[in-house]
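The data blocks that follow each hold one structure.
There are two complexes below, and they share chain A, which is joined by chain B in the first and by chain C in the second.
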Partner chain A sequence: MAAQGIEQTGAQPTPPGAGYPTGGKAESTSTFSWTPYVFLAPYLVLFTIFVLVPAIFGLWMSLHNWDYLMPKQPWVGLQNYINLFTPGSPTAAFFWQSMKATGIFTLFSVPLLVIIPLLVALILNQSFRGRNFFRAMYFAPYVLGVAVVGILWRYLLQPGFGLIDYYLGTDVAWTTAMPWAWIALVGMTVWWTLGFNAIIYLAGLQDIDPVLYDAAKVDGATRWQRFLNVTLPGLRPVLLFIITVTILASANMFGQAYLITQGGPNNETRTAIMYIAQEGLQNFRMGSAAAMSYILALFLVVISILNFKFLSQKEED
Partner chain B sequence: MAGATAKPEERNTGDLAKRILSYAVLILLTLMFVAPLLWMLSTSLKPNTATTALPLSWIPKPFSNEGFSTILGSNSQSPALRWFLNSMVAGLANMALILVTASMAAYALARMEFRGKRVLFAAIISTLFIPPIILLMPNYQIVDQFGWLNTLLAVIVPGAAGAFGVFFLRQFFLSLPRELEEAAMLDGANRYQIFFRIILPLSRAPLATLAVLSFLTNWNDFLWPVFVLFTPGSLTLPPGLSILQGAYTTNYAVIMAGGVIASIPVLIVFILAQRYIIQGVARSGLKG
Partner chain C sequence: MCRGRPVGHGLTRREFLLAGVGAGAGLLGLGGCGAARDQAAVAQAAASGGARYTGPPVKLGFWNGFTGGDGQVMGQLVSQFNKEHQNIKVAMVTMIWVDFYQKFPGAVAAGQGPDVAVMHIDQLALNAARGVIVPLGDVVRSLGLQKSDFAPVIWEGGIYKGKRYGIPLDTHPLGLYYNKAVMEKGGLDPDKPPQTRDEYMGAVEELKGKGIKGSWVPTSLYTGWMMFQSLLWQFGGELYNKDVTRATVNSDAGVDALTWMVDLVKNGYSPSNVAQDADVIALQNGQNAFDWNGIWMINTFGAVPDLQWGVAPLPQIGTEKGAWANSHNFVIPNQPNPDPNKLQAAKVFINWISQHSLEWAKGGQVPARNSVRESSGFKKLQWQPEFAKELPYVHFGPSAPGVSEIGQNILFTAVNSAVLGIKGPKSALDTAVEQANQLLQQNRQKYGG
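Take a look at the complex of A and B:
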């Protein structure tokens, strides 16, 4: 879409006063105009100060012993990174434990959040009364941010008198024992964000040309064959988007663990984001925390690229 | 194959059974999504002693305003009313900042030619893929340099630098017919007049979508305000709820009252602007 937009602009004659006309070389014209820059300036100021500068400044911080509370931040080169890969250093064990926690959460939540919302969207995609009502109901938890959902689920998960134990007839230490803490965190996250993915699937389903289904029916395809040969291929771009966004959201999990398990038991549900934030903004070892955030970011970027390659290759088959 | 060769009447009974099954699943799911929210409301209206009593009761008996009065009182250590106002101010200011800066930048990127446009657009778009965690430490340091720590400016301004709004509005502006602008130019209108008198009035729906999504995002933001706001009077609701949970550990009536206060505005926004929210989310998926 983006590239197409730029070409469109270039193909049109540019009205006077719009800056450099396209097509010709910029320096060959004399119609320089400040107008585009005036329109861009307010956003660019914000973008520069809070996105561009920090993206570089963070790297600089990671090369220092950057203690927020100290008057000086001495240069340490790659030491913060080396520490993360040195067993026995103060940060290595905790950091990789937190990376493992993030990995476990992502591994269990992503498949559920890719499959269950698709089933819900398939049900919602039929024509029946009250469809918009149900769609809104399923989406409702998502508009309540993680703070509300977190304090609510901590109460629901209390052993004995919590709503969950009460209706399941169990007595489980959901927030303080393994593997229950993971089951609770994954389960409440599915409850919270299912509606978001379902709505995106639903829009994708409604974009599939009904003619394709009719043609498949004429050819005698069963319901299941139609799903495999029409629905799934039609959903491929949406599926790629959902898998990527869900992996990134799960890998950035913070609020649920912070509010419901406080990272416990024994730091086992302390996610990477939670450990980085605590190391940097509670213990104020910001250089070390910045180094960790770049390692985590590297993982996320690699996963996104692999995911993208894998799914777009499939499309070519 | 059996389905394709079935006689019409068999297919109809099959459809009816399927329809009933679908409704059963839909209603069961609705209960699963709505029940916890109703439970939060019910608990907030119980005396605290009733919040851990068995068997559970969905209707508060007796009704009690203990939970709400504890945090809404003016002498409260957990001034929820103040948090509510702080969240409201931050959400609206952040929304206004995003609407103004993103619409202007998006218009320049959609319709004007200038040196460095491609590079600039690529730079803005590529930041959509930067994991936000790498900005956390440096932005804390930058906000501290500005003297904004523990003030609402910290939760208003940096959040408006995201690229989503620019990207979202640029896509819409590109879809508008050029003829309107060209006609206005022939009549002697300049870029500023065209932007304010033609483009913005035509863009009510996407602007409303962006406004609602920005407000909800800011209202619900958790990680950043938890660390940049720290005295009780300067908190917004999300870090406030975290404090409430720490301070009133087992007083669930109080904690759930806080949850209800934080939920009401977003649920109202959701009911009123459902169409914009759902379309905005759905469209972001298709464009991705």
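Take a look at the complex of A and C:
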């Protein structure tokens, strides 16, 4: 149904110079119609059941010492939240340590995942022999699941016996010492997911009108000037999409640390999501876990707002 | 917990809330407090007597976490059982333990759980308190099981608040694995593993002289946490006080135990920052002489070609003997709609496996049943009897809901931060005790008494 809808609007030729597609005009004159709501309904139902209701229910949960199997859920008011801000409570230190872990991972992985795939995409956008092979190769790791990638890297990184230590001739405790554990986790995540960002960039690069490059060349722009003044502006929407998606993906990091370092050493690579899952699903303190989720959500909302502001500012320029 | 509440009368708060969340998801009618119904059903089944099932054919779901070599052994036992019992068909489902403990409670509450399952002894109290499993007093009576049939420590461990929740199958303690070739290289007698503190320290010192780090201290939960607990008990300490209201790992015994572990690293008998399983791999590769590890490792080491290894009871480092152990126990889930036929069939199954636990022991276990442990068949096994020697002094954690999680998440974190050299033993344990005490109080509020 959705696909059909897109096709239809796509088929409507937009008259050059017209501010709005013809559909916009029709809407203002027509009477109330159920059609758009019917089209929205499947998504709204899913959104309500899987996002809206759990989000509100979770807030209620966070005010209790909640365990879905217990006959009583004792009301604790804001205690779960207060605990998170009380030094010496059983959750505060671990929670903020896990938030810090998520922060560190995001801080280090996002710039790398924004810049390296761009360089890869620029190279893959040149014409050379075997280009398609390399395009496939760079994307290949991304198709693997986190379990496969995690176990693969656990072997490679194994301190003392791993292939990485073997080839480097080092004896680095990649999974059990700082800062090596972060270097290992960020490194493998970049290897794993750079293909996805690179493909998006590549699509963006191919959308830039070659005429612009020709014009720049005629004006005597150097390679670097062409990159700054043609490529980067042309990639802006793609760049912002990639930054947003990569920040969210990094803030949700779970599998890599869970499989490779088990959150170690000493819980330093236990991310917020990992700790929340542990608190709620292994320790069955779901109220406390829900409270943590809301704090994390708050942080992500703030980051998203900043991101959005950054985006709209750029467009005003 | 809903004791004496009439069955099927209105919705409990939980049912109401769940129904609210999952409207249309078929969660309505979920049993909230089935314990009373179950007990009646078990009693009814008990009346039909003994370890025989003569009813119509039934299919039993059987869940466990035997994902290693133990799963193959259990699988063979199950298929033998199915062959010998025409009217009972047991279907085994195996998943890793971490998943098991997450999924099992939810599945049982939703009526999608198995008819019988295996659980560790330290998880019984939590699952009993959460109403996931039912008391087995009647099962014990109808099968005629006696305390004297089992090792006392294992039998006592299955009791929570005066009621039995598990039928013990085995115990799996920690032991001392040693690499004979490495010992020889260090000038030690490969047939005499160290058994006292002096012998142990002498041995690692000899090895150090030959450039070998001889006793790797694990920094992961398995088996760093088990090693610490063994030492704690050896120094006369306990994890918690008697009524489990306070954690007591920061006692002198706890500090001594942890200091000994930390000193293995400090004095160069162990590398620092040992990764998960690196101690095991090092022993296999001839880089490590001694590894404190569980009985389940006998198959792993046994499968390494040309590895000259042995296993002995843990050395006595502290003032008394002591060893960490856990135990697999059969449990009966709290079904929303219990079927007396299935319950009876499950009893037959539990009893049969228990009687055939020699086969199970071959997979790397010490049987809980005295008759099996004292049989000539068991004594002929190569390694298992070494672990059986530890039975008089093995310890399980206390039978209180949620303490196992506190141990793994809070107390072990402290142990680990000391082993990694981040904190001193005493200050690490002090901080952990403070946090653990708060959680113990929360647990008392939640689970009562």
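Everything below uses one rule, namely that the second predicted complex is superposed on the first by the 264 of 317 C-alpha atoms of A that agree within 3 Å, B and C clash if a C-alpha of one lies under 4 Å from a C-alpha of the other, contacts with A are read in each partner's own complex, and residues count from 1 in each chain.
In this section, a contact is a pair of C-beta atoms (placed from the backbone, for glycine too) under 8 Å apart; a residue touches a chain by one contact, two chains touch by 3 or more.
Fair warning: this is a prediction, and the values are worked out from it, not measured in the lab.
**Q** Quick one: classify A:281 as touching chain B (first), chain C (second), both or neither.
**A** both
**Q** Mind working out whether A:110 is in touch with chain B, chain C, both or neither, as first, second, both or neither?
**A** A:110 contacts neither chain B nor chain C.
**Q** When the two structures are overlaid on chain A, which partner does A:290 contact: first (chain B), second (chain C), both, or neither?
**A** So A:290 only meets chain B here.
**Q** Which partner does A:68 reach: the first (chain B), the second (chain C), both, or neither?
**A** Touch status of A:68: both partners.
**Q** Who touches more of chain A, chain B or chain C?
**A** After superposition, B is the partner touching more of chain A.
**Q** First (chain B), second (chain C), both or neither: which does A:177 touch?
**A** second
**Q** So, does A:57 touch the first partner chain B, the second partner chain C, both, or neither?
**A** Touch partners of A:57: chain B and chain C.
**Q** Have a look at where A:161 lands relative to chain B and chain C in the superposition and call it first, second, both or neither.
**A** both
**Q** One more residue to check, A:123. First (chain B), second (chain C), both or neither?
**A** After superposition on chain A, A:123 lies in contact with chain B alone.
**Q** State which residues of chain A lie in both footprints, the one left by chain B and the one left by chain C.
**A** 49, 53-54, 57, 68, 158, 160-161, 281-282
**Q** Sort out for me which residues of chain B touch chain A in the complex.
**A** Going by the criterion above, the answer is residues 1-4, 19, 22-23, 25-26, 29-30, 32-37, 39-40, 43, 51-56, 97, 100-102, 104-105, 107-115, 117-118, 120-121, 123-125, 127, 129-142, 144, 157-158, 160-163, 166, 170-171, 174, 178, 181-182, 185, 190-192, 195, 216, 219-223, 226-227, 237-239, 241-242, 244-245, 252, 255-256, 258-259, 262-263, 266-267, 269-270, 274, 277-278, 281-288.
**Q** So in the complex, which bits of chain A are touching chain C?
**A** For chain A paired with chain C, touching residues are 49, 53-54, 57, 65, 67-74, 88-90, 93-94, 158-161, 173, 175-177, 262, 264-267, 278, 281-285.
**Q** For chain A, which residues are in contact with chain B within the complex?
**A** 1-2, 5-6, 8-9, 12, 14-22, 26, 33, 35-37, 39-40, 42-44, 46-47, 49-55, 57-58, 61, 66, 68, 120, 123-124, 126, 128, 134-141, 143-148, 150-156, 158, 160-161, 163, 166, 191, 195-196, 199-200, 202-204, 207, 217, 220-223, 237-238, 241-242, 244-245, 248, 252, 254-255, 258-259, 273, 276-277, 280-282, 286, 289-290, 293-294, 296-297, 300-301, 304
**Q** Looking at the complex, which residues from chain C come into contact with chain A?
**A** 1-2, 12-14, 17-18, 20-21, 24-25, 32-33, 98, 101-102, 105-106, 109, 126, 130-132, 219-221, 271-276, 278, 281-282, 285, 287, 402, 405, 409-410, 413, 416-417, 420, 422, 431, 434-436, 438-439, 442, 445-447
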